[in-house]
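Two complexes, one shared chain (chain A), two partners (chain B, chain C).
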Partner chain A sequence: MTDKTLPRGTSGAPPARFDGDKALALVCVGVPLIGLVLFFLYPMAIVFLRSITTVDGEYGLSNYAEVLGSSGFWRATRHSMIMGGATTLLSVVLGFIIAHGLYRCAFRGKRLIRAVIVLPLLAPSLVQALGLIFLLGRNGVVNQLFGVEMEIYGFWGLLIANTLYALPQAVMIIGAALVLLDARTYEAAEVMGASPMRQFRDLTLPAARFGILNAAFVVFIITITDFGNAAVIGGDYSVLATEIYSQVIGQRNFNMGAVVGIMLLLPTVAAYYIERRAMRLQGRHPVNAQRFVPRFTPARDLPMAGLNLLICLAVLSVIAIVFYASFVRLWPYNMSLTLKHYDITLAGGYSSLWITIWISLAAAAGGTFLVFLLAVGLRRAPAMLAQPLQVLAAMPAAVPGMVLGLAYILTFNSTATPLYLLYGTAALIGIVNFYHYHTQAFLTVMTGFRQLPSALEEAAGSLGAGLGRVAVNIIAPFVAPMLISVFFFLFMRSMVTLSAVVFLTTPDLSVAAVTIMRLDDAGLTSQAAAFSCCVMAVVAAALLGMKAILAYLGRNAGTGSDG
Partner chain B sequence: MYLTVEHATKTFGPFVALDDVSIAIEKGEFVCLLGPSGCGKTTLLRIIAGLAETDSGVVTIEGETLSNQPARKRGFGIVFQSYSLFPNMTVAENIGYGLRIRGAANDQIAARVRELLELVKLPQLADKFPSQLSGGQQQRIALARAIAVDPRVLLLDEPLSALDAKVRADLRSEIRQLQRTLGIPTLMVTHDQEEALALADKIICMNHGTVVQAGTPEDLYHRPETRFVADFMGTSNLIETDVIRRVQPDLLQTRPDAPDADYIACIRPEHIELTPDADGTATVREISFLGNLKRIELDSPLGPLLVETHGAGGFSPGDKLALGIAPEHCVWVRDDVIGAAA
Partner chain C sequence: MTTPVSVSRITASLLALGLAMPAAAGELTIYTALEEEELAAYTEAAQKALPDVELNVLRLSTGKLGARILAEADNPQADLIWGWAVTAMMDPRILEMMSSYEAAGVDVLPDRFRDPENRWFAPIGYMGAFCVNKPRLEEKGLPMPTSWADLAQEGFKNEVLMPDPNSSGTGYLHVNAVLQSMGAEAGWAQLEAVDPNMAQYTSSGSKPCKSARIGEYTVGISLAFTAMQSIQEGYPLAMVFPEGGVGYELEANGILSSTDNAGDAQKFLDWTMSDEAIALYGEYKALVTVPGVGQSEAAAAAGLPEDIGTVLADVDFDASAKSQVETKKEWRERFGR
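Let's look at the complex of A and B:
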């Protein structure tokens, strides 16, 4: 602390403050890091160890040998891959049609399309399956009206349900790629003489290339890891997710479940890795780009509007029928309307809904706080710490919810460590929800931080504000919209997720999505529909609340970013 | 008249972006559309290109009306300020795109691309992608792409304004040279009067969606018709009629017969002669040295004045000077700037 340190600056900051900064940065990074190790890395290690633990408690590969030798496993794997591929193809094609309609065509009602397209995100995935059964099942509307009976349980039903469920993601990802192309690029092509068809082929398609690739991998992951639809409408069409469930819940064979889990992890990790690579290849939005405003072209816009309408009707009808069915006295024999199904007769009634709301609020608040801490800390942490941490923080997205849930039950249902205390508590469900969606939350905050001009932060720093002050006064207001988004994202996902929590609920502690599944299992389909509607109402309210808050912040920010 | 716009009007809701605008471009002419931000330059250019429609008015080329022709049928070339190269095509593919659309043979396209890359002095970049180029290089390629198909008219919307000063100056003279050799009628939008003066055969000066004055650069600089043009085209001393009448009535000779408030005197800084004179009426307030010339701020009976002189004359602040203004150098301009009396 002599002359050598003088060139640092003339601010004359006392050395003590400098250390305080360091300590704060360490805390910022340390707390989320401990969380990630304890609630992500450790359980994942356990699941791996259990997969190689033989019946007599030794380590060995006999579980793998058994699983790989069973025809049931290969059938489920084949089904998962075929289902993943088919859903991907269908969702990406339909998603492209919607995104192209929204961003590259001129017709009215786009707000409506946007609203309808997000509907599947408001409900547990199995609601798609439920709706399809009411629509196309043996007692479904179509059969009742037209006498067309089809076998909805199995491949086709699952394909449609999965496609509807993955569609919003496909639309968002492809749409984001489409808007990257500047309006002036199209205008230049237009003036050069390119016909609309050529512009589509030479400009739009190449621009959407990485978006399409990205969407394909995301949809593939969503599909092969989803449990709800497969459980409700899959019928005999077993897939890996249902296979894990039957190993663990049906046969109480945890180690075999772990093996299947690891096998499901492989394609997911591969797809996730490729998706991240593809992401990087896609360009960033130029700063003062001009938005493309399509002009009405009947030959293009009328067919596109028709297709968009059809797809939206399909999405809407599946959700709407669930809503309608929840009021029908005795589907399909007595179609008079009643509220009686909202009186849930299953043990516990609505208690699981209230618990789920509390869990979701806690997961959202705690999770937002933790990813914010992590993002703040990462800005100050040395590169050799920051880089591996970023990789770690991005890893949970590659882990299927079923596998994470299984890892949790293996880890926390063992009396070996004090972590056992968490078993069977609502807290653990909140925790699994947060780590299940950790990556998306983290990446959202990081994106928000990237928009923070570092000049602003430096200016505050040179005014003598320490890291703590900088975080509260400068960073927080700037990324507040991001944090709001993360909070509501975590809340809404926690409200509807099924795969990660299905193993962690107990007879005394259930969550909404599991209750819906149990109601459906018990043959109380109308009550399942009613309960689904309640969940959708809560999530829809949250979504509207988020929009309102963001709009309010946006108005007050004035010159702020236009996220 | 090669290309004309007649009585074009364009509104966006209640906002009038173009108000009865008529312009003309001769064959081979380089025309600059000059005006402050938001005056409707881009709107006019887009209407000519066919990228936007007029509410009323027509665009004609060689006497033929273009109103019902979509942009892609017009055979024009266009260069925007930035971000208009096709990001997923190489430089060569970008330049050859227009020819490819027209179904030209591959070797023919390749030859033309080579020729154009030579012309814009970037032959080594053929296989690069736009994102790998600097701003100046991108604009050169965009220019090459626009002229590749021998357009009937070349439209440039502030092609230089996103570049830094040195690159801008280089590219400016190259555009001029290129246009001269190829003889393509060119309309360039700019809000930089220096650029317009340096490049244009004709300048069309716009304000608030109307054409204020059109003419050669000399016309607009030496014979501005309105206060807006005098102000916009370089610096000038603007002096009210009653001050002139009191201080130097001989300058009133050239004044049109109209009420005092309608016209105002415009005297360019280089047209005021200074002679050291202990009994002079003007006092030097400040001098700035601008390399080849000096800019001198004076206090005088005419009010504060700005004078530019070359080399000689070692004045210093506080010196008394006599002013010499020849009547032919006093231009009377219509006072079209509302509520801004000097």
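Let's look at the complex of A and C:
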């Protein structure tokens, strides 16, 4: 479709802008901005107030002094930074290998790789924890088979767990940079006799830099804020998220936890600024992008296919072993198979599954739309507004889910504002899910937009198309693959995320992740695993269904969609 | 404009409303940390006993529930707290939110199981225990540990798990019991002796037992409930109560003073001390503070002594609540990793 709207002679046409266009740009920025302010900035302001509320109920910095004066905090900070760095390095390298394999190489089975690589996103955190322990634990399959006793609890276990969880997100963002790389540049390079290695170094890497930096940023942030992995596999390797848990849950001291929560924003903002600075050195992307279709090159594709396969096998084995274990009578002591763990009656049984699907679909649809609006709006917004807005939009991932969930209680359980109407509703759960993952969604779409040739948009504009038409007819189809991955990402995470939601459920309104937690709390770990498998099956079925619909729509519209 | 049809329709709906009114008399929102299985049984019975009151029950673990109740403190959503750790309930910020009510039948409880101001009472409780994985114990050639001192033996190096008292109420339950039963000095020395053998201090109270039952570690210092549930499921676990007494916790009930349905809330509290409720405690609980309640089947099967008092540490909950912050802090300085 791009060819039809390509520029012809555009020199003479004056930019035909109407006021309506400006208004639309304002709406594009304004609506997502209002959302960010109400559902992120406002709750975080309350967290900040709590962090400076002392024991006597007055405002002061004594909480900060206490936290900064404790050796535990500095140990956890050091651990978090090392862990964040190591996970970032590993995830971005592996993520690049996968994304490069998927979008720049020619081999079979990409669909399978794409399906496997997202598994950690649609798996409840319990699955990954159990999988790693069943596989690599002291009494795990590997140790049993080889008669060794490998120690997984601690740095290495945590690194593996964090990487598994971060990898699909790195692939999503780096993929957004690679999928749209202009084919013509490569043709030109080919004609000029540049070797594949040279093409990779001089074309692919620089072009993917935005994606790589964004991915690194996201991975670092989600690693330093994640509590689940640290709790189950981190052993004694205390990190900042465990510090927060200990304060907020263990000692019922939200104000002290809030201090650490606020401090977590600092490395985030710093990392984001460093990233933006690095980005400025890089120019914009070539003009007329055309989808790159890689040809089979054995020297490149065979090793890439091998690496991809290996990474996917590792990811798959962790999930598969839990799937298998959900049918095992008593892992690891009675390995006979049974369906009994699927007979779930406690903790509300399967009833929470259906409402969770609706909430997740709403969060994904609404979220994707808002992020798209924001990205479109940012292209037109003055730098003065655009820059702080970008930082704000990239920040939510820096807030641990636990802090966000409690912040939502403090904010929305107050009759002082009409927002109180949201408290205890499914809508608020959908909203917290979206804002919890706002960063990833936003940066993926931004990475995709980066590849959008601005000439295309300008040309369309100069031909008289208003912003609305440009957005719908030119930008949206171009970034459609990103929007689809963002939609699926938000859907999958909303289905299984627990940390924030657990504080917002009510007696009448529970979600699947909470049921899993309750089953596990009751000691019924196998049932929790069985329920998790049902959730994964439902999510997978929903994804396949949606892909089928997209493929059908794509065919009817005459464009292929392979998101 | 008014037609006969619409008049009759209005009358009908008024009638329906009138009829519906008494049935919708009351709703109660109840926050609880009771375990799922007993919770389902108690709730069903309570709902039958109070057919006019709709019971909406939210279950969260002790720690998460505390965070939630405190976050909601400016506009509490719950009418009642049911079956929640008394150590948490005795937090002054929580006590401030509770109203005073002497439930019918509560006078049978010994004084130490109820608040002098009637803001809470605790007819039931739960206890700590060691979860010992028998195959792993055998494989390592270790003797069955029967006390905290046993866990300090060389052979248990990196084979013991325990919850961190700063993150988990269960962790605090154990630390407090050791300190109170042995005295502060000997108690700290005992914890110090076991520390090198601790493979991890976990953030969850049940995790040590869950890790031990699948053979990841030999001993999980955890909860009797998880031990009994695991043994019932068939895991090769032994439940051990350390000599000198194991820690325990009371599960308290109380009404929030913010409730707009105090009448029904009081009826519910009365029910928790009814004969029916007490009989149910006897079925599910290892620890019932109501005098004269027999031992549950599950407890007997898991090897709990008939007189539970013989294995419990002598815990002073008032002192424990008061020294909580200091104890946790000192623990952190000594053993924080």
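The rule is simple: the second predicted complex is superposed on the first by the 318 of 563 C-alpha atoms of A that agree within 3 Å, B and C clash if a C-alpha of one lies under 4 Å from a C-alpha of the other, contacts with A are read in each partner's own complex, and residues count from 1 in each chain.
The working rule: a contact is a pair of C-beta atoms (placed from the backbone, for glycine too) under 8 Å apart; a residue touches a chain by one contact, two chains touch by 3 or more.
All values reported here derive from a predicted model rather than from experimental measurement.
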| item | value |
| --- | --- |
| Which of chain B and chain C A:332 touches, first, second, both or neither | second |
| Partner chain(s) touched by A:346 [first = chain B, second = chain C, both, neither] | second |
| Which superposed partner A:21 touches (first chain B, second chain C, both, neither) | neither |
| Touching partner for A:66 - first (chain B), second (chain C), both, neither | neither |
| Of chain C and chain B, partner touching more chain A residues | C |
| Partner chain(s) touched by A:235 [first = chain B, second = chain C, both, neither] | second |
| Partner chain(s) touched by A:245 [first = chain B, second = chain C, both, neither] | second |
| On chain A, positions contacted by chain B and by chain C | none |
| Chain B residues touching chain A - in the complex, by the definition given at the top | 49-51, 70-78, 80, 82-89, 97-98, 101-102, 131, 142, 145-146, 149, 155 |
| Of chain A, residues touching chain B in the complex | 181-182, 184-185, 187-195, 198, 202-203, 206-207, 209, 283, 286, 289-290 |
| Contacting residues of chain A [partner chain C, same complex] | 71-72, 133, 137-139, 153, 231-232, 235-236, 238, 242, 245-246, 248-252, 254, 329-334, 346-347, 406, 409-410, 413-415, 424, 502-503, 505-508, 518-519, 521-525 |
| Contacting residues of chain C [partner chain A, same complex] | 29-30, 35-37, 40, 56-61, 63-64, 66-68, 70-72, 74-75, 77, 88, 91, 93, 135-136, 164-169, 199-204, 206-207, 209-210, 214-217, 225-226, 229-230, 233-236, 325, 328, 332, 336-337 |
